[in-house]
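Scrolling down, you'll hit the structures one after another.
In what comes next, chain A is part of two complexes: it sits with chain B in the first one and with chain C in the second one.
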Partner chain A sequence: MAQDEITERISAFIRDRFLDGDPQGELEETTPLLELGVLNSLNTVLLLAHIREELGVAVPSLRINPSDLKNVRSITAMVRELQHSAV
Partner chain B sequence: MLHHLVRDSAVKHPDRPAVVAADGTLDYAGLDRRADAFARRLRDLGVGHGDRVVVWSGKSADVVAAMQGVLRLGAAYVPADDSAPAERVALVARDCAASVVLTATDRLPELSALLPGVRCAGLTGAGAGGGGETAEPGRFEAVVEPDDLAYILYTSGSTGTPKGVCISHRNALAFSGWVVDLLAPGPEDRFANHAPLTFDLSVLDLYAAFTVGAAVHLVPSELAYAPEQLVAFLYERRITVWYSVPSALTLMMRSGGLLDRAAPDGLRAVLFAGEPFPISQVRRLAAWTPARLLNLYGPTETNVCTYHEVTPADLERGRPVPIGRAASGDRVWARAADGSVCGPGEEGELLVDGPTVMLGYWGAAPQRGAYATGDVVRLRADGSFDYVGRRDHMVKVRGHRVELGDVEAALTSHPDVAEAAVVVTGHGVDARLAAFVVPGPGRRPGPLTLRGHCAKRLPRYMLADVLRLLPELPRTRNGKVDRAALAARLEP
Partner chain C sequence: MDFDLSAAQKKRYAEILRESGTRLGEHRPDGDPDAVRRGFRTAAGIGVTGLCLPEEFGGGGLGALDTALGLEAFGRGCPDTGLAFGVAAHLLACAVPVRDFATDDVRGPLLKGLASGELIAANAMTEDEAGSDIGRLGVTARPVSDGYLLNGEKSWASNAPVAGLVVTYACTAPELGFLGLSAFAVPGDLPGVSFGPPLRKMGLTNCLAGRVTFTDCHVPRRYLLGAEGQGSGIFQHSMAWERAALFGVYLGLMERQLAQCVEHAGRRRQFGRRIGEFQAVSHRMAVMKQRLESGRLLLYRACWLLDEGREDKSAIALAKATVSEAAVANGLDAMQLFGGLGYLADSGVEEQLRDSLPARVFSGTTEIQREIVAKELGL
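Here is the complex of A and B:
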């Protein structure tokens, strides 16, 4: 899957589930999701479940580093890396 | 007094580990020296008997030593959560008129700008406590009375201003002494500290361990809800006494693979507090380990004032574990709406009187007599209590106490917001804090803007999991916000 598509799918999920659809289009690739409390412990679990089901990439919880969840860009990078290491 | 615990253990068990943290291990002799070094440095910054020192930091051996150093001057420490925004920390520092704020060096510029006139100093790195360890031998031993303030724990306040719960040396010692009697730990024990140092659960971990020369292993805050890491921590550190909110234990069982492994031999006691623990989860835990399972109860204002040890009969009962009977030398009873003392089977508000009841809220009149908890309980035939619910809008989210009004006040302080209501849905580990916001006329605030606004004012655990914009809030017939209708909107 291309990087843009991963980014778009992750962004769409975050907008839909955590940002009430993001009516003002505020979400960017560098929006600090941890700092703003968008990805708290509970929402992170939901996002990782979505990544597993929709993108077919399992993120082992031992692998998670808070810096990977910083923003959409870092999450995309993490997913890309796991995709490659799985091949 | 409270700071003598480390001093005494440093004499008896100088080489035993005291604090094991991500930044290293301090044995009791090391913790004793480091605490004196902090005391010296803080004294040089002007801290003296009766002063307050805010410590804003993640968990580390240095933070624990700094807290002990503060006590050795006869001053009180005020822990501030690592994830709290600088503005909230500044609010707390101003509220308690702190003379010094200790924090990570990289946060100093932002904090100093918010706190003109308050000394802000680096907690670690060059110039921190460690440097002067041997420069000036000598001990800091302020004369402290039992009713002197030892620490202030700030909790969520219903009007948007955090409330400082003032705990004396007597309060903390009554509680930690009771825990030591209950668990009879020794220097070989290894306590896990799961709770943030701002949370009263951490008082047990630290001071029960310090009383007997045991080790306290600090769980880094970023791992607090990472199930596999928590399970690994329990095994690798060979923890003997675990204490956390039930949510953390539920996560460890559900997603951390805890039940797939044999329980560690050394695990003697699992303690939980802060929210009801579903009986189904307690059953799984009891089937997994022969360790003692203890439900502790008490608001920050009283520390632990009741407890219940789980029995086989509790597991059969199909109801949450009782909060039990009086602990820590306190007296507890339930008061009915008409003011009478409840009999068996009756419900009323739990009242607490005794040595662990706080001095009072900072800046308010001293607490006199019994503290009314705001928790509704039912007296059981055997004299213990079942927890029923809250009388007000305070909720627990994964064990953290949150006043809904505090979160609503942060939202309505945004100029584009006309009205806000916050509700909680779900229970235990699945509890979600949901905010509903009505924009002002012609305003269209974005959810991210509002989150950013709140993130500057509230600690992270008080930020909404869900944020929705609504044209208006649903109302009940008598005009109150219909919180049940709001919660129903979130049903899947």
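Here is the complex of A and C:
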């Protein structure tokens, strides 16, 4: 799956589920999700379940760290890396 | 699919059950710290304090399923559920993260002490303002030369009043929310660590719990677990082990309790017959059995998945919620079956209920387990 598509699907999920649809269009690839509290421990379970079901990537719990979950860009990079390592 | 235990598993289970019954079967919990320390040493003699720790450090070298089976046998043979719980929390919430994340400098000596029961560990996460939500920890760890300076107070740590080691979590980067945590294995004798008196509580008498306060406590870098910022992941890892395997203790309790109920219903006579012949009594016990076996299957499977390296949060949450709810429901049923006798402290029946009630709260409440299951369903 292309990087742009992964980014778009993750962004769409975050907008829809955690940002009330993001009516102002504020979410960007570098929006700090942890700092703003968009991702908390329960939301993260939901996001990772979505990534597993929709993108087919299981994220091990030790990847639940600040550098991998910092923003949409880092999450996309992690998903890409895990996709490649699974092949 | 094979539901049978192997010959080795059956043998280990039988040995732990026999030894715990022989050495601790008459154990009456009174909350005496020295008795608790002796209990840990006895548990170590039976091999329970180090079930899943490496053999080279005196542990049993077992996986999650075999650890849960060992704890089940221990919880069944030892009616002092507070001690069994304390030992299991020491092993799963504390020794497991030391096993998997401690630096080479401290890992061996700590594991040796933990496996031998000489070094008792307390898991200190909970704070007055941080229970289910660990996103806003008040305890902080500020990087200083060769380590960290810890400040703040943990409001509840099982084993703390007898602990020589505190596995704790502190905020190292508040801007990173729930992922701004780091994990530490803090020796209890470091300057700046202080322990409150044992908290008075409803049950689990011999699992002494207390507050832990850090005041400008300098923790050398070698006691950091994993990397800075990895605390949340380490905590989730330790909770996966605890939620899956610790509740083996409660399977053991329910086994023992059900056997007592069957024995009582077969012996006690009212209206000219054994009370077990009344369906109101026998069906109640059938439901107790049903709850026990449902919890057992979920728990064994959750542990098996953990051993397979398949992290299944939902399976673990289902097992934890099911076994703890079963323990409380069965505890209430046992009280009713024993009638007035069960209300007397010497029967041990009311104690089983008091020891079971906290199971729905610690290691993540039933409500949080259901949240996890719901999130895993995509809700």
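By definition in this document, the second predicted complex is superposed on the first by the 87 of 87 C-alpha atoms of A that agree within 3 Å, B and C clash if a C-alpha of one lies under 4 Å from a C-alpha of the other, contacts with A are read in each partner's own complex, and residues count from 1 in each chain.
One rule holds in what follows: contacts are C-beta pairs under 8 Å (C-beta built on N, C-alpha and C of every residue); 3 or more make two chains touch, one makes a residue touch a chain.
All values derive from a computational prediction rather than experimental measurement.
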Just to be sure I read the superposition right, which of the two partners does A:L39 touch: chain B = first, chain C = second, or both, or neither?
second
If we overlay the two complexes on their shared chain A, which of chain B and chain C does A:A49 touch? Say first, second, both or neither.
second
Contacts of A:L27 with chain B and chain C, given as first, second, both or neither
first
Kindly classify A:L19 by the partners it touches after superposition: chain B alone (first), chain C alone (second), both, or neither?
first
Look at A:P60 in the shared chain and tell me whether it touches chain B only, chain C only, both, or neither; answer first, second, both or neither.
both
Where does A:L69 make contact in the superposed view: on chain B (first), on chain C (second), on both, or on neither?
second
On chain A, the footprints of chain B and chain C overlap at residues 35, 37, 40-42, 45, 60-62, 64, 66
Which residues of chain C touch chain A in their complex?
133-135, 173, 175-180, 227, 229-230, 232-233, 236-237, 240, 311, 313, 371-372, 375-378
Which of the residues in chain A come into contact with chain C in the complex?
32, 34-35, 37, 39-42, 44-46, 49-50, 53, 58, 60-67, 69-70
Note which residues of chain A are touching chain B in the complex, please.
18-20, 22-27, 31, 35-38, 40-43, 45, 60-62, 64, 66
Mind listing the chain B positions that touch chain A in their complex?
222, 224-229, 232, 255-256, 398, 430, 432, 444-449, 451-452, 454-455, 460-461, 463-469
